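Shared between the two complexes below is subunit A, which pairs with subunit B and subunit C, respectively.
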Partner chain A sequence: MPIITVYINGQKILTESGVTILEVCKANNIPMLTLCHLKGLHDIGACRLCLVEIEGVNRLLSGCTTQVADNMIIRTDTDRIKRYQRITVELFFAERNHVCAVCVANGNCELQQAGYAVGLDHIRYPFLYPECNVDTSHPWFVMDHNRCIMCTRCVRVCTQVEGAGNWGVMNRGHDVRIISDFNTPWGESITCTDCGKCVHACPTGAIWPKAVAQGQLTKYPEMIGELVEKRKLLQ
Partner chain B sequence: MGRKLLLEKAHVEGIRYYDVYRREGGYRSVEKALKSMTPDEVTEEVKKSGLRGRGGAGFPTGMKWSFLAKPEGVPRYLVVNADESEPGTFKDRYLMEFIPHILIEGIITSSYALGANSAYIYIRGEYAWIPDILEQAIAEAKNNGWLGKNILGTGYNLEVYVQRGGGAYICGEETALIESLEGKRGNPRIKPPFPAVKGLWDCPTVVNNVETIAAVVPIINNGGDDYAKIGVGRSTGTKLMSACGNINKPGVYEIDMTISVEEFIFSDEYCGGIANGKRLKACIPGGSSVPILPANLLLKTAKGEQRMMHYEGLSDGGFATGSMMGSGGFIVLDEDQCIVKHTYTLARFYRHESCGQCSPCREGTGWMEKILWRLENGQGKLSDIDLLVDIQSKIEGNTICPLGDAAAWPVAAAIRHFRDEFEWHVNNPKECLQRNYGLAHYADPIHVPTPA
Partner chain C sequence: MDKPAAKKILISPVTRIEGHAKITIALKDNGEVDQAQFHVNEFRGFEKFCEGRMYTEMPTITPRICGICPVSHTIASVKACEMIQGIQPTYTANLLRRLMHIGQNISSHALSFFHLSSPDFLLGYDSDPASRNIIGLAEKFPDVALKGIRLRKFGQEISERITGKKIHAMGIVPGGMSYPLTIDNQQALMQWIPEALDAVQTGIRIIKEFHAANADMINSFATSPTMYLGTVGPHGEHELYDGLLRFVDAEGNVLQDQLSLTRYLEFIAERAVEWSYLKYPYYKPLGIEKGIYRVGPLARLNVADRMKTPLAQAEFLQFRALGNGQPVHGTFFYHYARLIETLAGVEEAAMYLQDPEVTGTHLQTLGRWNNAIGIGASEAPRGTLFHHYETDDSGKLTMVNLLIATGQNNPSMNRSITDVARQYVHGADVAEGMLNRVESAIRCYDPCLSCSTHAMGKMPMQIDIVNAGGEVLLSLQR
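The block that comes next holds the complex of A and B.
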């Protein structure tokens, strides 16, 4: 791979070509907010938190899906981006019923961390309070749709890493829901292998193991990326 | 009387059937292209014509075709986008319903130019009766040797398939359409790679609108130069406009892009004026997702010149004082229409049709609808108007596909041009439920607010 030069926030960085802006930022300790990105899964650029400004491009592009090019001038810390990130996180909180105080993932939640990172002190939008189910039919795990942010990391880990294809998406717009099989209770799923990868992939407290109390959930999302790397070695 | 190319034979009895269509000179372009031209010559002719995509974006078709990757041993596809879901647009429906053979003819010629051996027509599910018409037309064409193996003895093979959609607006976006055609959930893909490199089943694909493909027929018949002579500047050829709203003669009209907006609305040849003797208040000139224009900016540009009905004319002044040609859905609102209610209706549509993949659009469209509902029902605050502007700027340009832009533009434009109407709704919560803030002054260049 040829080595190219990119400039991120004025910092000159030498990097391999063919990698994404997000990977370059991670390697150089430049903070970048992400929610739908998880190492080991295909990026879909859905959460739009990793938006970056690129000189010469009018639109903001998502850092996780845009590959670096030679002499690209990238900014990740402008006021425009910060404002958009704040609105996005605010809308995430207003979209469903996120109550950190009673959540198993309290203190270990990527959405919560994103809220701290953008300096969220209040939410300007009234909450929507949609009616969401809590699926406790699985013997070990719980799916709580109130805390889901539709990053589809569980859907992707189930199809791309585990290969089971238990999770899917139904409906459109605000009404999108993660479903198990054809919208059957998770416990009755015939495809689920009970592997628990989705539990670790979930950035919030939407999927969690039973017998975990408030604030006690620990997750290990890096496991997915490591697993994918190990499998590559085996091939 | 403007020149007509697509709808020239529309009123011939039985033009829907092969025999009549052939008698009226149909399938001449296929004969000409396959027998006397190479695929590159056909593409060159389309490039010369200056034909621009009729689906909304207005991208030059010849250029799009020439971007198509042509690796060895990989099939290429032509996909016809008949998922005409834009509120206010119904031109493709008219073409497919009454002159289906012009579409089939255009598909054969275009596929020949692109080197595609399979073409798909992706038609929206709500047009439940049109797939039968298209299937019949395809069967007739096949029986007469225009489709199938070894067409006209030239060794060129082509099959055309009709695929019905499930009724989602998002499937009109080319990458979502391709996903849906592959049998998946219609979520747009990240671009690049563009469909011209990796499209249907990861093969190079061209996605074109029905009208664009149909326009290839007169281009090949009369030559690209002849086509380029019609119209003004970079807006060449004829354009189908589907006019609806408060006008005397709603319907599909073919314009040659040399007339003015005023002529189009008020002349008897086209819309025939505003219905019931009312006055013109506003108009959406290109389908629901393009910015709305008040009457004074619609008839005259900001410079005081007459606004013309073509791509450049309608977008004159940018988004500040202009709009877009879009897909040609011409929606006219008279003085009795409430802009807030109208904007709310559009916002509700986009909330319902957002695919839910990326967050700004999924959440933002819902929020815009909710805030507009509050304004419309007299529960809004003045700060809500700025909140709307804030949300729409968050959506615009930050989403994976253009649906986010399409949802944001109408709201932004409505607030830009009709802010006092929104404020009136906030300040008169009871009255706004009973009557409209009829702003006759929008037709007047001098800005004097006078409630009706």
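The block that comes next holds the complex of A and C.
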């Protein structure tokens, strides 16, 4: 790959072409908020937290799905971006029923960390309080739709890494939901292999093992990327 | 002469209790008190919105019911979960849970006595309501106020030293504990014991001096006899964490002993009343009229045969002597009982802290869903607390019943304020200090109404006098 030059927050960076802005930022220790990104999975730009400003482009673009180009001038730290990030995180909290204090993932949650990162001290939007199912039908794991942010990391890890394709998405807008098979209880799925990768991939307390209590949940999402790299070595 | 109209006196909000409530005093045509009612005007709804959650989440959700007795809720909850799983906690976990439970009781009892009630004893029932609180106490009796505040701090520090959090302590989980007690923290807690003992003994001295100076008032203050419910150990000893239930009647006869808490529904029934969000529980075999029972410190000392520690046992004997062989019915003696329990708590904390296993690391046994029903109980600062869960076969809750201590005292609180109102209120022209005495009858029970709100005597008191037709004749505000 040819080497190109980009400018991020005024910093001149030499990088390979064909990589995303997020990858360049990570390689150069430039902080960038993400939720739907997980190394090892295809990026989809769903969460809109990694928005960047690019000179000459009127709209904001997601850093995880935008490839760098030669002489691209990028900003990740403007007031506009920070304002949008804060709005986005507030909307995540307002959209479903997130109660950190009683959540199994309290202290170990990427949404909570994003809240701290944007300085979330209150939420300006009306809470929707949707009625969401808690699927406890699986013998080991729970799927709590109250805490789902629709990042689809579970869907992608199940399809792209495990190859099972148990998880999918149905409906649109506020009614959008993660489903197991054709919207059957998870415990009745004929495709789930009980591998638990979705538990580790989930950034919040939406998918968790039944055996753990609050304060005991440990997730290892990096395992997904490591697994993908190891498989490449075997091929 | 025209007949005086029937009137109603409303005390709203009731001050220096945990939560929001009001009292209505209904007057007869001749101006004397007909009856008084204690209304709880908060609705929490935990039983309903917990349905559909996994039972394992309950030990995390239910402590949020209360910022004062969260450990009691957690313990009742984990016991219900352990019944569902069919497991027992480890020895070390039991020690740590006992310590946290004692710490919470010390903290709650110190709050009740020093912060909320002692201003009445030391500053006077008729003193200025604006300074009849812990701040006013700190100005006139800084030594006492400081001891009370420090005692409460000790109680909360036990949880903090074990789990890192003072309130809504995490770490008590089905099967045991998540966190161990380090040797450094064990030693730090041991250093508190002499100071804590001194603070409790100061409180006991204050209450005894008040008893001696106000014997007539105390011996006639809301003394209607009731039954009592409490938890006792296998030898009838006073017990807060583990144990079985005991009911005694108003004469002190043991009606039920070593009763499994899973049978609580056979003996306790509840009835809703239209004027309060608090239900009316009663001892089922005797019905709602005769089955009024009390829980909490007074009840626990009335049902127990002995205390586990020497200083508390010496006070316990003096306490029981007040009843001349029968239960002590005087509602005012809740304060004395509360302090005896605090003394026992400090002594027991020292005992458990010296157990070599308290810093052990075998903290949790593991289990999974095995039974559809789980019932757990603990002795919260205000009395016996029951958690009853029912689940489907995936562990999802289908029914939650939480029988809270303050709820069980509700019938007797109404009886007590009626007693006191009849004694002190004569006609609608009532002095503020008299109404404070009616409030103080409620304060004896240390009710926890919202289980999250801390009132400190700063709220305005509103008294409405209403005639039989609902017309407000007079409205007073403090």
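What we mean here is this: the second predicted complex is superposed on the first by the 235 of 235 C-alpha atoms of A that agree within 3 Å, B and C clash if a C-alpha of one lies under 4 Å from a C-alpha of the other, contacts with A are read in each partner's own complex, and residues count from 1 in each chain.
Following the convention adopted for this analysis, a contact is a pair of C-beta atoms (placed from the backbone, for glycine too) under 8 Å apart; a residue touches a chain by one contact, two chains touch by 3 or more.
Since the model is a prediction, treat every value here as computed from it, not as a measurement.
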Room on subunit A for both subunit B and subunit C (clash or fit): fit
First, second, both or neither for A:176, with subunit B first and subunit C second: first
Residues of subunit A touched, compared between subunit B and subunit C (which is higher): B
Which of subunit B and subunit C A:73 touches, first, second, both or neither: neither
Following superposition on chain A: angle at subunit A, subunit B versus subunit C, Cα, nearest 10°: 120
Touching partner for A:4 - first (subunit B), second (subunit C), both, neither: neither
Which superposed partner A:120 touches (first subunit B, second subunit C, both, neither): neither
Subunit B versus subunit C as contact partner of A:213, first or second or both or neither: second
Subunit B versus subunit C as contact partner of A:45, first or second or both or neither: first
Partner chain in contact with A:142 - subunit B first, subunit C second, else both or neither: second
Gap in Å between nearest CA atoms once subunit C and subunit B share a frame through chain A: 24
Touching both subunit B and subunit C, residues of subunit A: none
Residue numbers on subunit A that touch subunit C, as the complex places them: 101-104, 134, 136-137, 142, 187, 210-216
In the complex, subunit B residues that touch subunit A: 168, 170, 185, 190, 351-360, 362-367, 370, 387, 390-391, 394, 397-400
For the subunit A and subunit B complex, residues of the former touching the latter: 43-49, 51, 58-60, 62, 65, 84, 87-88, 91-92, 94-95, 124-126, 128, 149-150, 152, 168-169, 171-176
Residue numbers on subunit C that touch subunit A, as the complex places them: 52-54, 56-57, 59-61, 64, 168, 170-171, 173-174, 178, 366, 368-369, 392, 394-396
